[in-house]
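This report refers to the structure that appears directly beneath it.
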């Protein structure tokens, strides 16, 4: 028990305590102001959560996500405050938790590389995507087996393969863009982590959305839910499918933004966080000018 | 010496003690939280029409008495997109509904869909209004101070307090960044792909701007004994009168009862 | 009774070169010690080391010893350190807690953290506000102050912990001349009335000429010049060390160089 408490105390240093409100504010501001400015079908409200998770660890990331949702939903007045955000605090907590683990595993580490490695990484991403798609398509012997294992209708099997293809294409497209913008192979891992996070987030959000809000969130995605339901899906299935279409895209984009930002922060700043060393990798800085600066 | 006793005799200045006045505003924050929790759970846990209507009526009446109706109306306004969606989706697409109001080609809105949609909307309003009433009648500082008195640690108090103060400042800065990037040619009205390219140029400066003060604020907090052991002194603590305590315990007991009955009803 | 740095060497985490190389310094109560030097000379590092934040809060390796009134800073907890030695930095806004609604509560933040009785907190807050000269700012919101006012409030917040020493890292660098004068005067008053020992890192040698008793010139992490303020600031080697001498000194040199006399009365009038 004492070990747990000490571990928790190490996670929540003063620096982490100062970082968390910043993460919360980033979530809320990007998720409202910037989201409104761009009008894209993504939420963009997890950048702070993932950033804190990668820098400060799973606990801090989870708490940042949960508190951001609660504050956004219940402590801020309209028009910024939105009462529908609150119950999704659970999802936000899971996102932060995952981000902490990705950070520990070094998935957000910069891996600068030359031209050949970039091309190799792009090809690898395409191959992995294709392989995953092929495996998925072959994983279930028949549509009926698919139905019995996953609980979806047998007719969904074809649709789910198409959906998988779409996700993989999106993944490869984003990786390609990322590699083009920053010659950094680490983008492959970061966006991959975002993909997994997005899928998990969709699975966690579906029951919340269906139970609390009857599957409706007031955004454009409701039309998708309606479409799925008119096709005969249950409420839960419809919200899950809608989530699986929008969450992975949102989390992949978010993870790339976090990856980009991490790569642009000074090493000294990042290294002082509990997860910072793992987020950076163990390369020793040799520059003296930056070190001598007060 | 004379100056020291003069200062101590002054007591806390008025602008610090700031006792809130007015109906419901002077109720203890934790009590208001407990009442809101009860209302939220009851709105969802108890089936049927009477309970959500009663809760909504109670909350609106309290808001009117506390002169906060306008804030409540803004919350209702902000919820209008989701209300619209709920009504539309349930009106047309409630599975298993077979009592159409009218048939217009392939569209067949149903009565059961309408009722279910209205009921869901009612619950949603009751839920949002109950929570909105708390923040409309309570200053965040008072809420945090009351929770701190009941044992909430100084670090949690700091995180919530700093986040709430930081959001408006960051919103202003984000608006400036959006304007600046637009002036530099960022497209926020064009096609999907062009707008998507705007994510990084907008998000990154906002994040960097918010991160600049982290290092110095960390050192400043340490320099102000933030890591000292023990409980920090609370300068102002909201009153906790007998009526506040009674209301709070009544709300908590009712909350437990509602949950218990609902769970038992499910099982039994 | 002093802050004593003995044979102090410090290297930032992950750096190959030491930021400070064998520095010996004393800060005595009631005296203002000014530190000048070109960029990257280690001035800010010196503040962090002397104030006990390096290596405790920011990592890195420290050799030699830093003692406050005989006690090693490495052995102190950070809140004990805060009550012995107050630290102030350049960016005033970053030093405000961001959680309070009035300057009064902001200055009370430190004493409240210590868990002092309410009466003690109130007394300390008014004392700090009065010493710095910002009593009338007490009801204002901390986020809506000018740069100079915010810096003074930060000074008061640190003073409220009643430290024996103050370490300030370029507190006026982001202020206009009016704000700079405010802060400089407040510092002089603090040294006079509270007997605190002040270590002041400053680019603006005019400020040091006004309020410093001794001045140390730092270059490449080591002490290059040391002595009374008047002597060091008039030293001809300042320029080649990368430090601009105060206006009075420059004026005196120009006047003498053109063959005129520099009467003492003129020097006094400029002060």
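Should a chain be cited, it is by its letter among A, B and C, assigned in written order, with residues numbered from 1 in that chain.
Rule of thumb we're sticking to: a residue touches a chain if its C-beta (ideal position, glycine included) is under 8 Å from a C-beta of that chain, and two chains touch if they have at least 3 such contacts.
These numbers were taken from a predicted model, which means no experiment stands behind them.
K.L.:
Quick check of your reading of the touch definition: is the inter-chain graph here a line, ring, star, complete or other?
P.N.:
Complete.
K.L.:
For the pairs B-C and A-B, output the one whose chains share more C-beta pairs in contact.
P.N.:
Higher contact count goes to A-B.
K.L.:
Calculate how many whole Å lie between the centre of chain B and the centre of chain C, each centre taken as the average of the chain's C-alpha atoms.
P.N.:
Those two chain centres are 43 Å apart.
K.L.:
Mind checking the centre-to-centre distance between chain A and chain B? Centres are C-alpha means, answer in whole Å.
P.N.:
Chain A and chain B have C-alpha centres separated by 25 Å.
K.L.:
Going through chain A residue by residue, note those that touch at least 2 other chains and give them in order.
P.N.:
14-15, 21, 272
K.L.:
List, in ascending order, every residue of chain B touching at least 2 other chains.
P.N.:
Answer for chain B, listing residues that touch two or more other chains: 158, 162, 166, 217-218, 221-222, 226-227.
K.L.:
Going by the contact rule already set, what residues in chain C reach two or more other chains?
P.N.:
48, 57, 98
K.L.:
If we count contacts the way the header does, which residues on chain C are in touch with chain A in the complex?
P.N.:
These residues of chain C touch chain A: 11-17, 19, 40, 42-45, 47-48, 57-59, 98, 169, 221.
K.L.:
Spell out the residues on chain B that touch chain A in their complex, using ranges where they run on.
P.N.:
Listed in rising order, the residues are 44, 71, 74-75, 77-79, 81-86, 88-90, 92-93, 95, 120, 124, 127-128, 131-132, 134-136, 140, 155, 158-160, 162-164, 166-167, 170-171, 174-175, 178, 188, 192, 195-196, 198-200, 202-204, 206-208, 210-211, 214-215, 217-218, 221-222, 226-227.
K.L.:
Show which residues of chain B lie in contact with chain C when the two form their complex.
P.N.:
For chain B paired with chain C, touching residues are 3-4, 7-8, 10-13, 15-16, 141, 154, 157-158, 161-162, 165-166, 169, 212-213, 216-235.
K.L.:
Considering the complex alone, what residue numbers of chain A touch chain B?
P.N.:
So the residues of chain A touching chain B come out as 12, 14-15, 17-22, 24-26, 28-30, 32-34, 37-40, 44, 47-48, 51, 63, 67-68, 71, 73-84, 86, 181, 212-219, 222, 225-226, 229-230, 232, 234-235, 253, 257, 260-261, 264-265, 269, 272.
K.L.:
Can you name the residues of chain A that touch chain C in the complex?
P.N.:
Residues 14-15, 21, 267-268, 271-272, 284-294 of chain A touch chain C in their complex.
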